[in-house]
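Starting off with a structure, shown below.
Going in written order, the chains are labelled A, B, C, D and E, and every chain counts its residues from 1.
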């Protein structure tokens, strides 16, 4: 027994530690503070403070890494480099915004989450719990766990750790999805589907990892890349393993044909969760996919390129075409997310260095717009029977005339939609431009052309909503009248994201610079 | 390699269970079988390479799987409370 | 050097922002504010134009180059040569007139405010596009332009305006996105770097002919949709029918010129070989546009659609002039871009005034108005005759320059296109006959004669057309050298080939 | 004064603009402004003519460059006025006849509410017409060319509250524009061949150009001339153009504008001289038209339409002459001038008659007006004698020369062309006499409501002046070939050629035919009773009455198919081009609806999708590798 | 050789029961089969030189995970049977085809690989594993801790139903009863004759009449009461045999 306490460079992990630590503390808060209202406030402040602290920590890290490639923590299990810090920064921004959304209430003091997740929806107990002022304040620590997992996901460089991180951010999400305040039956259904498919895909990922391990004798991504070039005779197994690992990540990105959970879960989940998931999961998974592709599987680029092409095209086509026929706004945005997954994968064509700067920017713009758009959805409500604020008005028809009633909300929504569509002067355009540049650099201009056609078709359904909001008058006495509760927290989120989308669309230079700086990996050589 | 092939077979059986069984718990057991199959492969490889990494991975997988089971079963129970059934055919309102 | 162009772009944006920031009580003054802003813009432009060195009209003047997004090679690069100056002139002239023309169209103060703000925004983009010296900037503005326009079309106008707006947007977007691919590819074809997209850095590039052709097509398609070329034209009549006459006037008179402008300043300079390669097909399509547009104009019952189709025909003439690669035809095409702007805008405005009176754009709802409103009728006839390229009015000069100039290289095309002079006479005269001659239609005896405001809108345009009709040199001086440069690009490549 | 000739254009133009813009306050006196403008133009022209005549030697004319029109570039066009014998001849004709007609119109249009506008249009016409003849380049000529077209359109449609008048105006403009294609194409050809479109450069280089080029240009110019001068096959508009007020018919559709085609051909002499084929076509077109016009004239009962047909026919003569080359140019212009006088005079006479007959135009309702309208009868009679070519009246001097010239040449041409001219003379005599007798002789066939009376002096004086011209101008100009010499700098010197039959014989034959025609007309329409309703008539009469079914042919060949084409295209545009786009849009939606089935809400089937995806991708990649 | 035999045993022990996942109807049977599979896998681990994992497998899977499955199965109804008839068109065949395809693909790919086991000496004994776990993999271990917290919290959120109404005190209960109109006084006791099982015998008032309330209503409904006449008779006739009088 000659155990030596391992030397761990804790400093680079501070952001993650802060977030996970705050999550654990949040769990303690749950048990020690009994009054739900107080608990909620404490949780909100705790999470917010933790996330901001982590944000600061990331920035400090970034400053510390100026010029250096990064830090290897724990003999290659974790690598904190500028690339991962960039993603962490983005995730933290998404998280802050999402937490604000999680906490926001309608003017009727109604939250987005159920009062009690364990009882049947619509039951007497639920009503009692609501009357008792119960709140599932566990959503805050759960969200923090997810954020921590995602942040880890961006910097772990070991297949098994990747698996653990994957589960760490997935499990809280499965739970969060099930906790909608209204339409909880759908919410639970979504959770079940998300969970089963998620577990299924993790299993696939894991088996792939096992095969890759078998083929290369390595589980560290960087070593895998090296080993692929050395080891031979195991090509089939390696390729199959690689495919399965990538499928596991693509599932999280939401690319077709691994997308089927996306519409159902986006629609069923509580809208703030959808916002968080839509923005953050995609970003984290993309970050991991980048690392895996650029560090481990790059020698297989030629073989795997077909997969990327096929999946990208299928995602763009399916997402676009299906979004065209949706009548539920959340579902429509979900399919649009599938299409965007396709655009993300377009950048992987050729595995060019350009993609390393392009993808973070794209995900940032996409994530901000997603959070903003879903935040607006939380604001547009049906009128309840008692005249108060009802459930979210998710049928597209209910959005008619919003531009007249609340021009600011509708304007912001239009902005986000235009950003999704990639219209210039919104961030989405620069993102799209970057991604297409990366693909063209990789010689995949045909893929870009297909992407472009998909964008054109996609514009139709984005535009349709704009038409509804601005150019359609609500028929007199229509039942779908919309009341917009005044939720300061959501409003803050909406305005922040809207401003960000505009600024990133017009003056993206600084952020682009940042991401270009981050387009380097710390590749450990031994 | 035999064990790896065995693992592949188990993995396929597990996946088939997910595809074919309507009982949520059974489908979930299929997933568990898939994870176990992966474990078997890991351990087999570990044995072949004469190192412990595979074993340790398998160990982690077990822990993760346990956590996953907890959450999964909790979701299933919550759903059962609401619907009085655990059939997967039933909750299919989200579609299209 | 005062950054004229930047200020010209910024001023309307500020104006629009101001309008949106107006408190509800001040919204009724939106028209006046918007008009004031555009007049200020025009005044500023005049100051700038006076400093323009006409003797060196081919050179880029008032150039400003600032790093914008160096990471992707985009710069905030502005500058105009004579052609750009004319195009900007067109937009600063027409926007205030459009505002004045639509003075009474909207009664709701908020909607009116929105309309005015969007028009201002549109103006900023228009000026920007014509001043852009960076392909990326050009593209950004080109696409961003769609947004205010989309709202202008979809928010204000006829019953089917939503359909029209969507159609417009999707058509433009398809073109624009395909162009985007070309823009992206351009970065890699060119030398890259922080100023990769400066047009000056992109001319005279070495590339394989396949690449050049593909890139050319990417750009050209977008421009062909903008400058409605058969068979990519169908969005225009729909939009014209549904949108506000003021909107349509700006759209057709100024915005669609981006298409032809882009062909000259981007396609020809960056892809001279491919331009030559494609010229025969393009000329055929242009000729088809000329005749097809005219024939369809004759067959229209709705005046707005009719005018739209006449524009399809006229754009055909411009494209013919451009792709004949002759000095005279190029000058003619460039000049036509300006003149057609005056003429078509005036025509749309006048039709708009008629619609304002009766609420209908349908020819069947009119008759014998000359007896009732002779001044209006006279103005309409003059403007109509300008659309038919009657000598003495400026469009004639440009049209004849295209025909004469292109004849040496495109005989058949010119001969067939020349048929359009007959068709043009037909569509204008038939319209005039239906609306203004014959017995006075029952119920229209009390139709209001041209008001002062309407005169203020239409007559400056008529005067401008008359002046330029007799003294086209005033404008030709600005386009001669740019045209010569454009021709030279193609010719140099020819010499190399 | 030559250097001030631009004033002749500018003043009427300014006057036109003034009259249009002045508004109602100028209603009372505006017409006098118009008259003054026209008069000044005449004075300027006259001054220029005197100055030119005062110059010694040949009259090479002078070019007055006003400003650069299209500067720089490849195409360089100036706004320049060419003052030479040919143009000054036209200036005089236009301003003189024009001014007279202005005066006439003051009275004729007295009761029209829009008289001011009428004068504005007339002034506009004068300016445009002067620009046409004074231009020193084809491009500038085109300005005037289209300008007169516009004026003609405006004036034909002056009473456009009547739909058929508006249609007539449209028709005139559109048919003219068909001709304009020719001019545009011709300019293109000139630019291609000579790099310029001004007379000087083009004519200087024309002799060196290939015959093919010149023929092509010539034919294109002929097309233009046909449109403007109502020559076959573009003659159909002229009859309808009579919808305009009669002074307009006199000025534009008789004396000046319609002869612009002849001017164009003569002006382009250097081109035609090098293109004998084109010349032949010109001559043939002229011959056809002169006969066609004559036939139509014989059948018309509408006095103005009959006169219009006559105009067409007479211009046919001029075209025929112009097509004969240098020997004919001078005669073409000569006839043009004399025709300008006598035809204008007759039109004014017709106007006077209509004035008396409550604007009735049907000659079958006239008759025996000699007694009531003596001045008109006399002036009209002089015009009649002139057009018949009775010596020594003006028409004789010009027309007879054309007939003689037509008989010059080799092969079949002199026989056919000369024959046509000869026969035409006889026909002319018949239909003009028919017109004259039906109107002024025989029995009075008018209603009781009509009270014929002589027109006021303001109308009759111009008629008298024109009558004097009809009578003596020809003699004056023909004596000593004065006019031909005057024009020589432009038309070139014509060598004397002998016709295929002796000249006296030609003269004799002509006179015989003329007398024959007149006598027949007298027998039929002077002495005999003229039925008030037109008899059914033979097939030939019907054919002629219907303008040789020109309208029907046009309708069947151009209008109807055109309408069908337009309608088809409008439909096709919506259904096919637009339809394709819409259909494709709907296709996407249908694709979406179809794909929806796969998203069936069943988690098992989602898993299946994933698994199949994995298997397929893996299979492809593993097999591929 | 031993290994060979062990492998085949393991193979049978795992593949055959796992097929129950596809074909068995009762979930409980399936769960038990999976337990068998898990045990088989544990054996395999032992055979593969990973005894520690073998033990953990038994403890975690058979001991914890599968038992949890069984609990949940019980909770939702043990005797549920699943109808194996497929409801989604094509699902069965495509599903089978997909899985079999996957299996074939995997086997084909893996079968191609030939690998010589390098060293067979490394044993996965707990010490070695612990050393690695707490040095190289210590961070993973710690993250696993968070994972477990998440799972626990999640399970609580989704399943734990707290007391939603405060527990009512006896006083409150009594007051509620009075408010409901119940007789505040105690019911009379039954069983006049204490010698017998008197619950079914009504009490008698001083007049000897039966007090109906003194007997449980349930007994009355069941007709299990006695009217007391017999006992009264017995009272009058003490000689008669009636109980075990002392």
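Operating definition for what follows: a contact is a pair of C-beta atoms (placed from the backbone, for glycine too) under 8 Å apart; a residue touches a chain by one contact, two chains touch by 3 or more.
If you're wondering where the values come from, they're calculated on a predicted model, not measured in any experiment.
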{"item": "Touching chain A and also chain C, the following chains", "value": "D"}
{"item": "D-E against A-E, pair bridged by the larger set of C-beta contacts", "value": "A-E"}
{"item": "Of all other chains, the one whose Cα centre sits farthest from chain D", "value": "E"}
{"item": "By mean Cα position, the chain sitting nearest the middle", "value": "C"}
{"item": "Rounded Å distance between chain A and chain E, as computed from the means of their C-alpha atoms", "value": "38"}
{"item": "Distance between the centres, which are taken as Cα means, of chain D and chain A, whole angstrom", "value": "78"}
{"item": "CA centroid of chain B to CA centroid of chain E, Å", "value": "21"}
{"item": "Centroid spacing, where centroids are CA-atom means, of chain A and chain B in whole angstrom", "value": "25"}
{"item": "Touching two or more other chains - residue numbers and ranges from chain E", "value": "91, 95, 98-99, 102, 105-106, 109-110, 113-115, 137, 140, 144, 147, 150-151, 154, 157-159"}
{"item": "For chain D, residues that touch 2 or more chains besides their own", "value": "585, 596, 599-605, 607-608, 611-612, 614, 618, 622"}
{"item": "Residues of chain A touching at least two other chains", "value": "117-119, 160, 164, 167, 171, 174-175, 178, 192-193, 196, 200, 204, 211, 214, 236, 239-240, 263-264, 460"}
{"item": "Chain pairs in mutual contact under the definition given at the outset", "value": "A-B, A-C, A-D, A-E, B-D, B-E, C-D, D-E"}
{"item": "List of chain C residues in touch with chain D within their complex", "value": "167, 170-171, 230-231, 233-234, 238, 292, 295-296, 298-300, 326-328, 331, 368, 370-371, 374, 378, 385, 390-392, 396-397, 400-401, 403-408, 411, 414-415, 418-419, 421-422, 424-426, 429-430, 433, 436-440, 470-473, 476-477, 480, 483-484"}
{"item": "List of chain B residues in touch with chain D within their complex", "value": "15, 18-22, 27, 88-89, 92-96"}
{"item": "Chain D residues within the chain C interface of the complex", "value": "20, 67-75, 79, 117, 139, 142-143, 145-147, 150, 153, 157, 160-163, 165-167, 169-170, 173-174, 177-178, 180-181, 184-185, 187-189, 191-192, 197, 562, 565-567, 569-570, 573, 577-578, 581, 585"}
{"item": "Chain B contact footprint on chain A (complex, rising order)", "value": "117-121, 159-160, 163-164, 167, 171, 174-175, 178, 184-186, 188-193, 195-196, 199-200, 202-204, 206-207, 209-211, 213-214, 217, 219, 263-264, 267-268, 326, 331"}
{"item": "Chain B to chain E touching residues, read off their complex", "value": "1-6, 8-17, 19-23, 25-26, 28-30, 32-33, 36, 39-40, 43-44, 46-52, 55-56, 58-60, 62-71, 73-78, 80, 86-87, 89"}
